[in-house]
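Got a structure for you, written out below as structure tokens; questions coming shortly.
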Amino acid sequence: MRQEAKALLEQKKVDWIVGFALGSLKFTTTPLITKDVTDTERLVINPFITNNLANFLTGIEGRVGIVAKGCESRSIVSLIQDNKVTREDLVILAVPCPGIIDLAKIERLVGKDRDELEDITRTGDKVSVKVNGQKKDFAASDALFDHCLACELPTPQEYDIILGEERKPSPETKISGQNIAKLKELTSAERWASWEKEMSRCIRCYTCRNVCPACFCQRCFVEETEPQWTLPMPQWQDNLIFQIIRTIHVAGRCTDCGECERACPVNIPLRSLTREMYDIVDELFKFKTGMDKDALPLMVHYEQEEAEDFFK
Amino acid sequence: MTQESDWEPKLLGFLCRWCSYAGADLAGTSRKKYPANIRIIKVPCSGRVDSLFILKALRLGFDGVLVSGCHPGDCHYQTGNYRARRRIAITKKFLEYLGIEPQRLQASWVSASEGGKFTEVVTDVTQGLKEVGPNRLFERKKNGAKVEAGSESPARAKKG
Amino acid sequence: MNKKVSKKEIAQLLQKWGQQFNVLAPSRASGVAAMAEWDGKDTSFLDWYRNTVVPPKARFLPPMEEMFRFSKDEEGYNIEPPPKNEQKQLLFGIRPCDARAMAILDMTFEDAYKDPYYLEKRRNAVLVGLGCTNPCESCFCTSMGTSPTDSTNVDIMLIDIGDAFLVEEVTDKGKELTKGLKEATKNDETEAEKSKKTAYDKITRKLNTEGIKDRLLESFDDEEFWSRTAAKCISCGICTLLCPTCYCFDINDEAVRGEGTRFRSWDSCGFALYTKMPMENPRSEKWRRVRQKVCHKYEFYPMAFDVIACTGCGRCIRLCPVNWDITQVIESVPQKVKGAK
Amino acid sequence: MTISDIEKRPQFFAQDNVYTPHIAVIEKIIEETPGVRTFHFNFKDKKLAKEFRFESGQFGQYSVFGLGEATFCISSSPTRPDHLEFAVQRVGRVTNALHRLGVGAEIGFRGPYGNSFPLDDLKGKNLVFVGGGIGLAPLRSLIWNVVDNRDTYNKVVIVYGARTPADLCFRYDLEAWDKDKTINMVTTIDREAEGWTGKVGMVPNVLGEVAPSAKDAVAIVCGPPIMIRFTFPVLEKLGFRPAQMLTTLEKRMKCGIGKCGRCNIGDVYVCRDGPVFSYEQIKNFASSEY
């Protein structure tokens, strides 16, 4: 991958390279957005490449060489369909993604914080964790992110260079949808109350919105003052309306990359909202974001006969 | 706080000016009776109604929202009502998943000539809201104790 | 005179304090580690607690706070202050880095105009410090003039010595709290010194801040450097809202037909609209905002109060979604070719 | 130029809380231009109305209850304490709300905040006022202050301009100052407009033509930032040293007392250490982002 990126920069095929580099903490990676060739040495692929790099495309001018996992490539296709990015400006280096390790799950399994672990390695569908000397093994399905377990496109369809051989999708939506299933068992009043409890922790840091490639509005409705739809203060009512409308606005653009839930500092289960919307859009309109390059964006297109049973 | 019996639901209606608004007008001119719970906002097209308007209405204390537009095919802007149909379809399903009672968001096709249908729709929706009861969704709960609904859900606030 | 309390007696001690104070202790009940009303019996936090995600500043400068209520009647508007809560707070388990951060915040809220809301809460509060025994990988407090067991900014300091805590009384408020505790023996003292040493050495992350103020002053206009530093930043609010030394706030009204409340809520210089004026926005570019965040803490605050407004708690490093690391940024601030003046 | 010490500034806290506004009633509204209105107001609390003191250049935070606060300078002069004035350009949420208010409506006011024009440094000097559009509001307070004790100051030159004749604010002041023999009043508009007989040209260029002498003179400049940036070089060409040039800087402000952290230029808070600065101070700010 490093030679490819270096070549791209040297032959002036791209102005920017966007990829992952080793993070400053254990088991983390950090987005690397660079122009100079020497940085391409720091590019890396490991089981902790969590960020959705497509998020940076709307902020960069010029031609970009971007490292892309499955979900990222779907976000890129969705951005292309929304005319936010042009395909000719992109050189996509496809990464057949084996799924990313969820450090929060490992912490719960091992009972230790992430910086107390010595090593985490992934071999096939086994994740082994070394903590004060001994090695503990876990099944991958217990250690990977929920959205990775439900991944429908581990290898990008839309790419220029592929790094490694293709990987077939094997979505286990049952495991990854536990939280949503539990919510659906509650009554509607209990569900609403649970969202009230979760949203009262929100501090309005807007990380969920800023980390999401589908959220590319110039000025978000939540920060408008004329009219002021929601108050800019962390009241649970306005926090909840912010999340409901954000989820509806990204319907048909969200590729369930799970970044909003991972990045939330106060652990609000946002994926229970976005994944449910992902399923609703799939169920009602058979629309899967970014899977089909030529599809029209969800909200732009319509069919003659489709869901209208509830219309009086 | 009013008792449950004589409580009247507050319904907000977004009516597309080409069809449903004209239909409501027709209902009025032909002396048809329909419950006065509905407050009507004229919108250029049902496609103009963003889900944010629906949530803001519920946040301000309305008990229900009705979005009514032209029948598919005779929208003045050709595709407005199809877009509205998709948006309301996902919004309705999503609000149900969140825990908002389904009766609170209703949609209907009412053309300019269907004064009668409009009265039926409004009566039907109001009846639905009566069953569901007042909208307590956004009432502020301070450390468990429910605060008097007065200042929080204004549409229902009974100023002294 | 140091005292001693065994870990088993902590619950009893907290209950005693509970009569006088509203006791707050670290808790995960809300789904994230934060200071919350103590439930009266659970002291399991002594095992899992390293530091809270939401800093203790949230008890003094809350994410959202009532300033006053206004209402309109025939004669016009009248303003009532928010209901006074005389409840004295006791924060059990505040870490030295957060306690030092409170001292840094005090400087701003007392400077020139006294901030009534914050200072009243600070006066009504007692800080019971808890020495760190298991610092995080992202902690660098030892490079910022404090240590995992620094007791200068708390009322009493508990140092972990195995199955008990050595209690150092720091202020008069502290002395009242420790009435009735056993005296510490000589080897308790040596045990405490040893525990302080091991905690100190556990901090692996170092940061050399010597001359940083001038380096930042010189490279203030180096747009190339700041653009590179800000490239991966996504302008969210985590590293400021959750920073114990950040105090920026916004003022907004919520009202319904002339009756409502004015609130103060957290704000962040990282947000694009933070300095937006109708005609122009001096910091619309991302690199200017990242520069402001860094320079405020490492250049402007030292110029105004002669202290770096950062205590090395490491929250901004471990909570940042893109792993933007302040220590890497500070080290990479270019040294102008003419060297330190 | 000394920035007056903060503690020495007059302070009028309501309910001894620096953030609580006083209630004030709007007595008169003047429509300056379609987008700008001047409000005359006074405090409901008569005792406060008498005791209230401020200096030219200071500003206040004006509340429209339920919508929020906005920052405007006090545009009336301390020498005429019967009422207070402030000018509002309709640009946002609070300003639009202010424009909807009628006479007798109640607003909140807290202040006065910030430093002021250093009157004692201006004594006996020639004064050059350079204003643009609504920028005349802070200047106006100082000009009437000067006119009311005219003899303590030397020559006075006022160069004021706006985009079009309709954008000229405080026309009644412009006429009064024009009639005043001791003031050299120059009004200009940016581009030719029919029915306009006065000067035409951008304020900095017209200032160049008027060419006031820099000998023991002080220039006070207020207007849109772009105008300020073009005016300082012209003044320097005329021989004005940076210390002889004053201006009020505009920043987004919320608290007005140096707490909320948003109006800083380097370690200086424009609301508490300003808004009046000399060009010399601006030049050696820690940061170049004024």
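As written, the chains take the letters A, B, C and D, and residue 1 is the first residue of each chain.
Rule of thumb we're sticking to: contacts are C-beta pairs under 8 Å (C-beta built on N, C-alpha and C of every residue); 3 or more make two chains touch, one makes a residue touch a chain.
This is a predicted model, so every value here is computed, not measured.
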Give the chains in contact with both chain C and chain D, ordered by label. A
Chain centroid nearest the full-protein CA centroid: C
Whole-Å separation of chain centres (CA-atom averages), chain B against chain C: 46
Rounded Å distance, chain A centre to chain B centre (Cα mean): 35
Rounded Å distance, chain A centre to chain C centre (Cα mean): 31
Centre to centre, by mean C-alpha position, how many angstrom separate chain A and chain D? 50
Among the residues of chain C, which are close enough to touch at least two other chains? 250, 252, 260
Residues of chain A that touch two or more other chains sit at 235
Two or more other chains are touched by the chain D residues 92
Contact footprint of chain D on chain C as seen in their complex: 67-68, 70, 72, 76-79, 81, 108-109, 111-117, 217, 220-221, 247-253, 255, 258, 260, 262, 264, 267, 269, 274-280, 282-283, 288, 292, 295-296, 299-301, 303-304
Chain D residues touching chain C in their complex are 6-7, 14-21, 23, 25, 44, 63, 65-69, 89, 91-92, 95, 106, 108, 224-225, 250-252, 254-255, 257-264, 266-267, 272, 286-289
Going by the contact rule set out above, which residues of chain A touch chain B in the complex? 183-184, 186, 188-193, 195-196, 221, 229-230, 235, 237-238, 241, 244-245, 247-248, 251, 276-277, 280-281, 284-285, 298-299, 302, 304, 306-308, 310-312
Chain C touches which residues of chain A in the complex? 23-26, 28-34, 51, 55-56, 59, 113, 115-116, 198, 201, 203-207, 209-211, 219, 223, 231-235, 259, 262-263, 265-268
Over in the complex, which chain D residues touch chain A? Could you list them? 92-93, 96
